[in-house]
């Protein structure tokens, strides 16, 4: 590939690439907007049960959450017992 | 392997496999029972020190357990201080 | 390699190896001492902000530390509420 | 190449232009799997990665699930086909013949074909690389089994070792399914080899990693369908089992309360995995990889001196392997491999396997009650299929329906973990039988 | 061999005796990188391993960053060179010619040379092994991208999808840099191929794993410089962006307060990664590895049923891969590969890329304000380069300077994550364009 | 094949039928190791996986520890032996000759034999695969060393750098053992090469990963015995060291209280690993892999800006590697490799190494007291063998016996970590000396 060719390849890649990025993201804007509307219709009343998700995850399953709470409770007892 | 052969192979595998599974698990019942008895004789008085095992493991060594307890204690102090 | 050779190779390796270990660690003593002095000049007043480092690490980023503290606080509340 | 050519190239390389009907169907199937996993909580830990891996595998032209040679053949550039044809000794004109020659080639030609494809600029898709590392190596299912071992408590089993018989009986589902598969073949409905039939049968073991391990050894070409069937039906245990359990038991049998389990000491729990391993060593070395790793995980858990290793085996390590195992299984959901009549056969046989296993477990319990002195509630027999801990929970739930004081959960955990051992033993027998055949 | 010979051998094998000026310079550079990472907090998670890996790679005679064949050639024992020369069909007298023949050899000769080197007792340096496993395989950057996906919240983007245009505009930095690189080549200042120019351009994407992935595919020989530039400039975002942002906006524009973002539901967040994946599948399969793994990570996070996998992807797994990815990138900082005029070109072009990307993001926001109804503060446009979350924080900070009530952080997170998608799309286009060229 | 044949096949494939006396002995040995690890707390983190790996490796016919070719040879089917014999150029009639030809074959023939074995349906045992990935690659011990670096606090060493001399002196145990090994060979009692003698000597370094690394480089055939000796004797430190320490010190010396250590700043701790690395780079590049990874781990810990990487290196990553490293070492406990007279030699020499190292550390401390101004309690000299932190605890315990106010723990940590550096340096010297010989 000779140098002038390289330059025109670069310009092509720029036009082409930016064009594609805009087309892609425009389609994403459109599909996201449509998706949000469709989803909004289906679970309109959803009050977002954020509180359902565990506060701490720590790679623990639910059983171990229990353990964490129990050690904390234990720690509190000990803490009080020390006084 | 022709089709009738395949069928008889399947029957063989079934008889053979179920037979072996039963033999194996029967031997496991026997050896487990014997093992439990032998072990029971050796550490009969063992009151099972379940309490010795740490309540939370969390990939922590003992040093970090200490840390966990200390941060909890700290949290309790802060919590009270806020009032 | 004939056996007498092997013996002398062993002796060589011993003299040579111990010599090198001592040379290396002596140089390390010297460079460490120099380094400590140089570093000491630059941040002489440093009062070592050990307290700045988090007490618990647990693979948590700062955000999750917050979470840990919040679950602890929560646990304390629940614990009290139970009474 | 000018701008127009480049645009054309982009269009010809796009997904819309290349998507086959099969790929479209598979993408719908995979979205369905994701829906079941996320909304219906169907074994999500595996079905989310499997479903997403299946989506990725069916992206047209991306070739994520293909090896470098398969990609080279798929692109079908004449000079590439020519080069591969020369290496494999096949006429280059027919891509299908080339692909088949590649798959059946010996190790040396295989390597030569890979070299050629690499030289021509093709490389393995990322899902294919994961598949090689995690499943083809055999390591993935074994590491997961180690983690499962480290999460298993053999206490209930040790307190009542006779429940091992329930775990044995429930494996009849496996072998009945093998028979079904060879029967369908004999009738000309399907075309399964004995190895394939054995791999399908193991679905009845209700044990994901065991299924994947056996399929990877005996019938890698069916791995996708077998894994999907295995995890889907495990998720369906609460729907499949109850009617069978109710049909085979009387109200009185279901009400039967079992005596409390004796306390099991720490030493017993430490020695048990060693006893099991010795039995495997003595009787069935072919089950040694699966049960060996399982026992190792359990020993790490029970011995109490390597808690940091046991915790890692139960958490970081098993999670990492699960992610890549799921994606790798998903890579086997490519349309041309999954959308075959065999898949329907596998799905139908799989559910039959579950049903038969459940029934045999319950019937075995009833049989044991006839001869034994200590009564066993037949509802815990169904837990012998494994599907830990779902099947044990089902036993408990049906038990509570019949008698609100009847807590069967701990009693059902015995046959439940016995089922894991039972299906691993069955896996070993089948591998031995088939590979020696 | 007697004692004196052995001492001489030790001396001839020591670092002081063998250190080249280039290695010395690179060790100073690497200590500089570590200083910036540790004292100035420059992207330490990557720059600490990269800097240390660079130190290790430049230890004379240790050969940690070299393959077995490179080590054999470096040692330059006549009989070894002879053997390698015969395998590669090159005169053994010239180590440089041998090294080049090895690098350009086909897969079969490559393997033969490796066999020869292994037979003669040479083996891969440990950093080279890490490089093969983590970068050459393509797996490392993809796994990190999965983890990044699992840490990304698309809520702000979903609340205001138009901010995707800001993420698109900021990618102009990428392509302008490509043009710069080919321009420098046309002027004869540098000598970059189109593939190299594309790999350099991606620095403007301000996204570490994307840069490393593209460089490993299109220009592995420039990987070291590209990764160092990428992470260094990401760390410099708080210095590079503000002057540009201030120059292109009026005080009044900067004071503009944006309306609060709407609440985004859980289902939307779950469906979004699937929508994105489908678009990728339809339009640009070449972006499927990067965006596929990214969407997978995000789905694991949002679906809420595989939290243990998501946590592992965000913690243990991404940390492990980061350690080895950093060391592997560091292995590309060996003096003879890094101390080239091209590196200076890459560093200069990289900073230009960042500046242009920032400017285009801001200008796009102003353009959208001219046509759209809902006003956008142009300061959030600069966040479109990605550099998550640093660039969004910069937007917030400059906004607060102009108006203490003007909290832009959440608004800037939209274009910020849009920039990640945008540069991954740009990466896909460039890979497609260049490899098909 | 009919039912009877199949039963016979199962019986002929069972463990009882095939178990050799050696395998039985090794299973007893491995159960012994597990007993020591679990009940006596002998370095359980390594000895549990090693012991269990040894059990798995000795399961008859399972072949978990064998490569595909070794399995093919072991099965000894005439047509298989014939094919391998042709590839390796050996008469097929003698399996032992075949096995030896395979082990000594060059890389190309090696690959050809592997291809042949794979084509005939044999594949690597899972433990062998782990061994290839973790030990033969060299990566496992290095990653563990990185984790150890991330757990090491050089504070006490930096407060009193002279304690490095104690770490130097204690390495005499290594070289004395080398001499012992060559001496035994000269006397005709054993038959060790210089490389083997060096690998055995490193047991005296009291550092597990260093031992495994050196053995994997210099004498992989002795790896099992060396690793077992290394970890067993490290566990025996509280029994081996005290009598030697008491014999070489007076009551008055043991009562000596040392002045409190000065405070060591954060910057010193950050710079120290870099200083150490530079010294390695300048003087002994062959120690760069070990000490480089060690310093990297330590820098990650001390720099304070990559805590998530440091935590992973200390937890998930080191645990994962430990599991597989242990199993891989266990795979070297197969009867025919472990039950050799050499093993007895290694075990005897290893304990001598520990004793000499301990003695030299103590004597060096006494020597330093004669010349230096600041007094050193000679009890901390024994900690110079490393065996972190056990040896330091032993120093502390003996010190407290002599004087209840005499807390030596922190003082002993200096020589203790110095011993780690010392044995890594010794490892580098030996590798250099032997491989250049």
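General observations
For reference, chains read A, B, C, D, E and F in written order, and residue numbers begin at 1 within each chain.
Heads up, the rule we're going with is that a contact is a pair of C-beta atoms (placed from the backbone, for glycine too) under 8 Å apart; a residue touches a chain by one contact, two chains touch by 3 or more.
Being a predicted model, the structure only gives us computed values, none of them experimental.
Placing every chain at the mean of its C-alpha atoms, the farthest one from chain A is found to be F. When the contact pairs of C-E are matched by residue number across C-F, A-D or B-D, over half of them reappear in A-D.
Taking the CA centroid of chain E as reference, the farthest chain centroid is that of B. Averaged C-alpha coordinates give centres for chain A and chain B that are 36 Å from one another.
The distance from the centre of chain A to the centre of chain E, with each centre set as the mean of the Cα atoms, comes to 21 Å. Looking at chain E, residues 6, 10, 278, 283-284, 304, 308, 311-312, 315-316, 319, 429, 433, 437 sit in touch with two or more other chains.
Residues of chain A in contact with at least two other chains: 16, 20, 58-60, 68, 72, 76. By the touch criterion stated above, chain C contacts chain E in their complex at residues 12, 15-16, 20, 59. Chain E contributes residues 157-158, 161-162, 164-165, 167-168, 171-172, 174-176, 178-179, 181-183, 185-186, 188, 193-194, 197-198, 263-268, 271-272, 275-276, 278-279, 283-284, 304, 307-308, 311-312, 315-316, 418, 421-422, 425-426, 429-430, 433-434, 437 to its touches with chain A in the complex. Against chain E, the residues of chain A that register as touching in their complex are 1, 3-4, 6-7, 9-11, 13-14, 16-18, 20-29, 31-33, 35-36, 39-40, 42-43, 46, 48-49, 53-54, 57-61. Put simply, chain F touches chain B in their complex at residues 2-3, 6-7, 10, 315-316, 319.
Across the complex, chain D meets chain E through its residues 1, 6, 9-10, 13-16, 18-19, 27, 31, 34, 37-38, 41, 44-45, 48-49, 52, 55-56, 58-62, 64, 112, 114-116, 118-119, 121, 123, 126, 129-130, 315-316, 319-320, 322-323, 327.
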